[in-house]
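Written below as C-alpha cells is the structure these notes are about.
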Amino acid sequence: TNKASEIEAKEKVSISYVKLPLNVPSIIEKKEQLFEKAFEKEGIEVVFSEITEGSKMTEAMASGSLEFSNALGGTSAILAAANGLDVKIIGIYSRAPEAFTLMAKDSAIKEIKDLKGKKIVGPKGTILHQLLLSALAEAGLSVDDVEFINMSIGDGLVALSSDNADVALVAGPAVTKSIQSGNHVLITGKGLLDATIVIATSGKMIEQYPEIVKTYMDVHNESLAYMKNNPDKTYELVAEETGISVEEVKSMYAWYDFNPEITVHDISELKKTQAFLIENGMLEKEIEIESLIADMTH
Amino acid sequence: MKNYRGVVLPLLLILIWGIGSQYGLFNSFIVPSPLRVLSTGWNLIAKGILLKHLSVSLWRVFAGFAIAFFLAFPLAVMVGLSKKIHAYLVPSLEFIRHIPPIAMIPLLILWFGIGETSKLSVIVLATFFPIFMNTFSGIVNSNVDLEEVGVNFGFTRAEIFLKITLPQAMPSVFTGIQLGLGYSWRALMGAELIAASSGLGYMIIEAETLSRIDIIFVGVMVIGILGYAIDWFFFKIAAYFFRWEGKSNGRDTTPQFIKNI
Amino acid sequence: MKNYRGVVLPLLLILIWGIGSQYGLFNSFIVPSPLRVLSTGWNLIAKGILLKHLSVSLWRVFAGFAIAFFLAFPLAVMVGLSKKIHAYLVPSLEFIRHIPPIAMIPLLILWFGIGETSKLSVIVLATFFPIFMNTFSGIVNSNVDLEEVGVNFGFTRAEIFLKITLPQAMPSVFTGIQLGLGYSWRALMGAELIAASSGLGYMIIEAETLSRIDIIFVGVMVIGILGYAIDWFFFKIAAYFFRWEGKSNGRDTTPQFIKNI
Amino acid sequence: MAGIQLHNLSKIFKLKEEDVVALNKINLNIKDESFVTIVGKSGCGKTTLLRILSSLESKSEGEIVFTQGNTVITSPKIAIVFQEPRLMPWLTIRDNMKLSLIKIKNRHEVNRRVDHYLELLDLWRFQDAYPNQISGGMAQRVALGRTLCYEPDIILMDEPLGALDIYNRKILQDEIIKIFENCKKTIVFVTHDVDEALYMGQQVVVMNNGNLVNHMRISESHSKDMNSHEMKALKRALTHSIMDSRIIRNDFSA
Amino acid sequence: MAGIQLHNLSKIFKLKEEDVVALNKINLNIKDESFVTIVGKSGCGKTTLLRILSSLESKSEGEIVFTQGNTVITSPKIAIVFQEPRLMPWLTIRDNMKLSLIKIKNRHEVNRRVDHYLELLDLWRFQDAYPNQISGGMAQRVALGRTLCYEPDIILMDEPLGALDIYNRKILQDEIIKIFENCKKTIVFVTHDVDEALYMGQQVVVMNNGNLVNHMRISESHSKDMNSHEMKALKRALTHSIMDSRIIRNDFSA
C-alpha cells in the first residue's frame, strides 16, 4: 500500500487550530494566512479545524481527518501513542509553566500545606492535574489528603466562585479573570513542570509526505520570526482574535516559551509526564518516549 | 389580548435578577447583571459576531432537524405498519435510543470526520427519537373502525395510510416534531463540541473557557428566544394548513394541539 | 419464537465489526476489536469498577427520571386542564425547552453546588419535556364525547380527569415516559460532566481523555443494553396493569402501545 | 320528581357565516312525574333540546326552570341516554355500567344495581366483554343501563331503543314504563317510531325545524290498546303532523 | 350484478375462555340482482355476517362463493354501510362523501355523484359542516350516501335507516329500491323494522343466535300494498318468527 499511496498527491491538509490559552504562533499563522500562502504553491488546500480537546485531536488524526495537531498537550500525545496511535512529535509548541496555576478564594489558604482536607476541582489527567500532584508531593502530601473532583476549568472556576470548592486548577486567560474576581494564585508550574505542548503528526505523514511536513515546520518558524519582529502587531492580532485586552496579552505572553526545538530537557519532561500517568493509573503500559520523537525543526 | 399572561413569569424573573444584582445578592462572577448581559449582547450584535454564530447554528439546527425528520418519519411509518419490520428494527433502535450522543463522538469523528457531517449527526441522533416514537405511537393508536372504512372502499394500503391513519396520527406527529425541534437546539452544544469554529454552541463553550459568563447568558437567551419563535412560526403555519373549521357545541373542532399554542 | 428477528441486525453488525477488525479494515485506535472490548469489559467487571459506576449511574437515572416525572406529569395535567395556567406557564417552558442543559451548568453549580443535586438537575432538564409534552398532548386530544358522559353523571373535574381523560391519554403518556427514560440515560454524560468521580458517564468521559476507546465501547454497550432492558421491564409491568382483554374482529383491544413492545 | 319549564328557549349554532337555528323560542311545560315523548324529522333539534336540558350545551336565549312541587330548584338529578352509546372502550361492560355509580360508596348497592340491569338487559353473559366485542344493539342497551343505574329524577332518552329488534324493544319499553310508574320519574323520550311515541308517552310533542308544531295528550295511564280506534286515529294524526308541519306553534307551556 | 353463496359459514369469537358462536354453519343462496333483508334479535350475528361478506372479518369455517351469471368471481365490487356512521371527523360532509371515490380521477364525475347524493339526502346545506356539527340522523345519511356514491355491485346495509324519522325513511326506502331496480345491484339489507323488511326485500331471512331460522319469499316486484291481507299475514308470521325462534334451520341455499 505504501507504494501506491506515495504516488497519490495530497490535495488537502487539515491543521488543528487552538487559540487558547494563548497560542500566539497559531494565531499569527491563521491571521496572516501563512499556511495558505505556503501550501498554495504546492496546490494544497489548507483546512483549519478548531479542536480544543487533545483526545478529540488524536481521534481526528486516527480517522484521517486531521494531519497536523498544532498544540497538542504532552499528556494527550503520550496517551494516544500508548493506545496505539501512530503519532510523532515533530516539534515543541510551547512551554508555559507559569500559565498553569492552583488558585484559591479563601485568603487563609496560602501554601500547599494548607490544602490538607480541602476540596480541589479541575480537569483530571491533564497538565494541571499533574501540577497538583507534583505540588502535593513536594509538600509531603498525597492525593488522599485532599478531595479532588474532576471538572473542566470553566466549571471549576464557577465552583470556586460559588464556594463549592476551596481550590481550582486554572490555566490560560481564565487566570487573569479569576484574579480579577478576587481569587489568588497559590502556585504555578514554575520549577515543578514545564507544561509541554507539542506539535504532532503521524509517522505515515513523515514517511510519505516529508515535504509537506517540512513546509509545515517552515511556516511555523516563519510565524515565530514574525512574532519576534513585530511584537506590537502580534499583541494586537492576538487581542483581536481572543477578545483579551492588549495589556493582558502582553503580561501573559511573557509566560510562554515558543522555541520549537525538542531539547533533552523536553524529553525528560515528557518522561516525567508519562511516569505521572502510570503512577496514577491512567496509563497501563509504558512506551519509549524517544520513539515518539521525530524532530523536524532542523 | 391575553398574551400578557405569558410574559408575567419572565418579567418577574428578570425583575428579581435585576434587583438581586443591584443589591449584590448574587455572585457577580456567575450571575452578571442584566445590564451587563444587555451590553454584552449589544456588543456581540454590533460586531456582527452574534449574527455569524447564529446563522451557522440556525443552519445546523435546520439541516439536522430536516435529516432527522426524513429518516424518522418514514421509518416510523414502516415500523408502524409492518410488524415484521418492527420486529427486525426496533430492538436495535431501542438500544441506540439510550446511548448518549456525546459518547458516540469518537465514532462519529471516525465515520464522518470533523466537518459538518459529524456535527449534524449529533443533532440527528438527538432529534430522531421523539419524531420516530411519537409518529409510531400516533400510527399504531389510530382508530381501526375508521381504517375499515378505507378497506371497505377498496383503498390500497398507501391510501388507507394517507387518508385515514395519518390524519389521526397528526397530533402525535406534531408533538414529536415539537420535541424534536427542541432537542435539535439542545444538541447544538454537543454538536459544536466537535471541532467547531462558529455557532452559538461554540460561542458558549468558548465563553466558558474564557470565564465570560455574560456571553453564556447571551447565548442561552438567544437560543431560548429563537427556539421559541421558530416553534411558534412552525405551528402557525401548521395551523393554517390543518385548520378544521366550525366551533360549537361548546366543542371546537380545531385540533387541540393547534388550539393550544 | 419470533424474537430471533430482533437480534439479526445486531449480530450482523457484530459480525462485520469482528471481520473488519480481524482484517484490519478499521483503525484499531478508534475501533478496537470485539475481543479487546470483551476483555476490557471483563476486566472492568472483575475489578468491580463497572458495577460501581453502573450502580451510581443507575441511581442517578432513576432519581432524575422520578423527579422529572413528578414535576412534568402534574404540571402537564394542570396546563392541559386549565387554559389560564397554560397561558401563564407555557411560554416560559417553551423558552427553557430549547436551552441546552450543558449551557446551564454554571448556573446549576451556582444554585445546586457540585453535589448530586446539580447532576440530577441536568437529567431532570433532559427528561422533563418529553413527559410534559406527551402528557399534555394526550390530555388535550382526548375525546370530548366521552368526557360529556362524565359531566352527565355529575362527575367532579377530578373524576372526569381520572376516569375518562387519563385512560385515553395513557398511550401518549407512555410514549412520553419511554422517551423520557431514554433521555435520562442520554443526559448521564452531561450530568457527570459536572464534578463526578463515578458513574458510567464519568467512566466514558475519563476514557476519552485517556484515549481508551475500548472503555468507551464498554460504556456505550452497557448503557444501551441496560436502557433497553429497563424499558422492556417497565413496559412489561405497565402491560400487566393496563391489559385490556379480548382479541377478535381481527381487532385486538390491548392498547397498541403495549402490544408493540 | 321534578318538572321542567321552558320559556322562549332558543339555540343558534354558527356554521361558517350562517346561523343554524336548532331551537326557535320554544315554550314547553313538562310537569312533575310526567312522560313526554318527542318526535320530529332528522335535524329538527331534538338532541339539542336534550343536551341543553342536561347542561351539556349552552342556550342562546330563553330560560329553563326546574321545579319540585311548587318550589324552583337549581340542579335536579338529571341524566341523558345519549344518541350514541359512548361506552369507554377500555372498560368492560360491567365497569361501563358501574361508571355512573362513582359516587356510591356502598359496594353492595353498586353491585345490586349493576347486576339487576345486566340481567334485565340480557347482558349477563357479556359483562366481562369489552365494547368492541359486542353488537350495536347490545352497546345501546349498555348505554341505557348505565343511565338507569344512576337513577336520576329526570331521565332524558335520545332514541334509546333505536338499534333494537322488536323483541328486545318491547321488553324494554315496558321496563321503562315500569320504572316510570314505580319510581316517579320525569321522562323525556325521543323516538322516531310513531307507535313507540304513542305507546310510551302521556304526551307527544312534535318538533320541526327548531319549532314545536304539535302537542298531543294521549293518556295518563300506560295501559293503552294500540289497536283501538282512538289510538289508530292518533297515530294517523301524529304521522301527518311529522310529515307535514306547516302549522307552526311554539307555545305549549300551558 | 353478483350473487353470493354461503356454504356452512361459521364464525366463532373467543370471549375470555368461552366460545361465542356468532354464525353457526349457515347455508344461504343470494341470487344475482336480488334484494334480501335480514332481521333478527340483537346480537344474533347480522353484522358479523355482513362483515365477513365484505372481508372485514375472517370466517372460522365454511365457504363464500361470489358468482356473476354462471361464473365464479373472486372479488366483486362490494361495500358495506356500517351500523355506525364512521365519518372522518377531520373532513367536511362533502369530503366524507368523496372519500369513497378516491379511485375516480375524473373530477366532474366525482362532483356529479357527490352533488346528486347531497341533494337526495337533503344534506346540501350542510356539505361544508364537520361531522360533529350535524345530527345523528344526518350522520347516518352521510354514511349511506358515501357507500351509494361508490356504486358497488353488492351493497350490504346494516340498519342504514335506523336513526331516521318516518319522513326521511320513506323517501330513502324508495330511493334505495329505485337504485336496486335501475342499476341492477344485489342488496343485503339488515333492519329491525318488520314493515321495512317486508317492504324492501324480495326475500326476508330471519336469524337467531347465529342460525338462519326462517326464509320468506315476498315478491319479486316492489310494488307492494302493505295493507293487503297477504302482507299483513306475512307481517304476523315474520314477527312471530323473530320473537320466538325454536325451529332452527340453517340451510336456505336452495
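Order of writing sets the chain letters: A, B, C, D and E. Residues in each chain are counted from 1.
Criterion: contacts are C-beta pairs under 8 Å (C-beta built on N, C-alpha and C of every residue); 3 or more make two chains touch, one makes a residue touch a chain.
What you see is a predicted model, and the numbers here were worked out from it, not measured in a lab.
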Legend entry - Neighbouring chains common to chain A and chain C, by label: B
Legend entry - Farthest chain (mean CA position) relative to chain D: A
Legend entry - Chain pair with more C-beta contacts, A-B versus C-D: A-B
Legend entry - chain D-chain E separation of Cα centroids, rounded to whole Å: 28
Inset, instruction - Determine the centre-to-centre distance between chain B and chain C, using the mean Cα coordinates as centres, and give it in whole Å. - result: 17
Inset, instruction - Please compute the C-alpha centroid of chain B, do the same for chain D, then give the distance between them in whole Å. - result: 50
Legend entry - Mean-CA-position distance for chain E and chain B (Å): 50
Inset, instruction - Provide the list of chain D residues touching at least two other chains, using ranges where the numbers run on. - result: 13, 15-16, 56, 84, 128-129, 133
Legend entry - Multi-partner residues of chain A (each touching 2 or more other chains): 53, 56, 59, 62-64, 152, 154-155, 158, 162
Inset, instruction - Would you pick out the residues of chain B that each touch at least 2 other chains? - result: 27, 30, 105-106, 109-110, 208, 213, 245-246, 248-249, 251, 255
Legend entry - Contact set on chain C toward chain D in their complex: 145-146, 148-149, 151-155, 159, 163-164, 167-168, 244-246, 248-249, 251, 253, 255
Legend entry - chain A contact footprint on chain B (complex, rising order): 27-30, 105-106, 109-111, 113-115, 193-197, 202, 206, 208-213
Inset, instruction - Note which residues of chain B are touching chain C in the complex, please. - result: 2, 5-10, 26-27, 30-31, 84, 86-92, 94-107, 109-110, 126, 129-130, 133-134, 136-137, 140-141, 144, 171-172, 174-175, 178-179, 181-182, 185-190, 201, 204, 208, 213, 216, 219-220, 223-228, 231-232, 251, 255-257, 259-260
Inset, instruction - Could you please specify the touching residues of chain E with respect to chain D in the complex? - result: 13, 15-16, 39-43, 46-47, 83-84, 126, 128-129, 133-138, 141, 158-159, 162-169, 192, 194, 239, 242-243
Legend entry - Of chain D, residues touching chain C in the complex: 54-56, 77, 79-80, 82, 84, 86, 88-90, 92, 99-100, 102-103, 128-130, 132-133, 147, 150
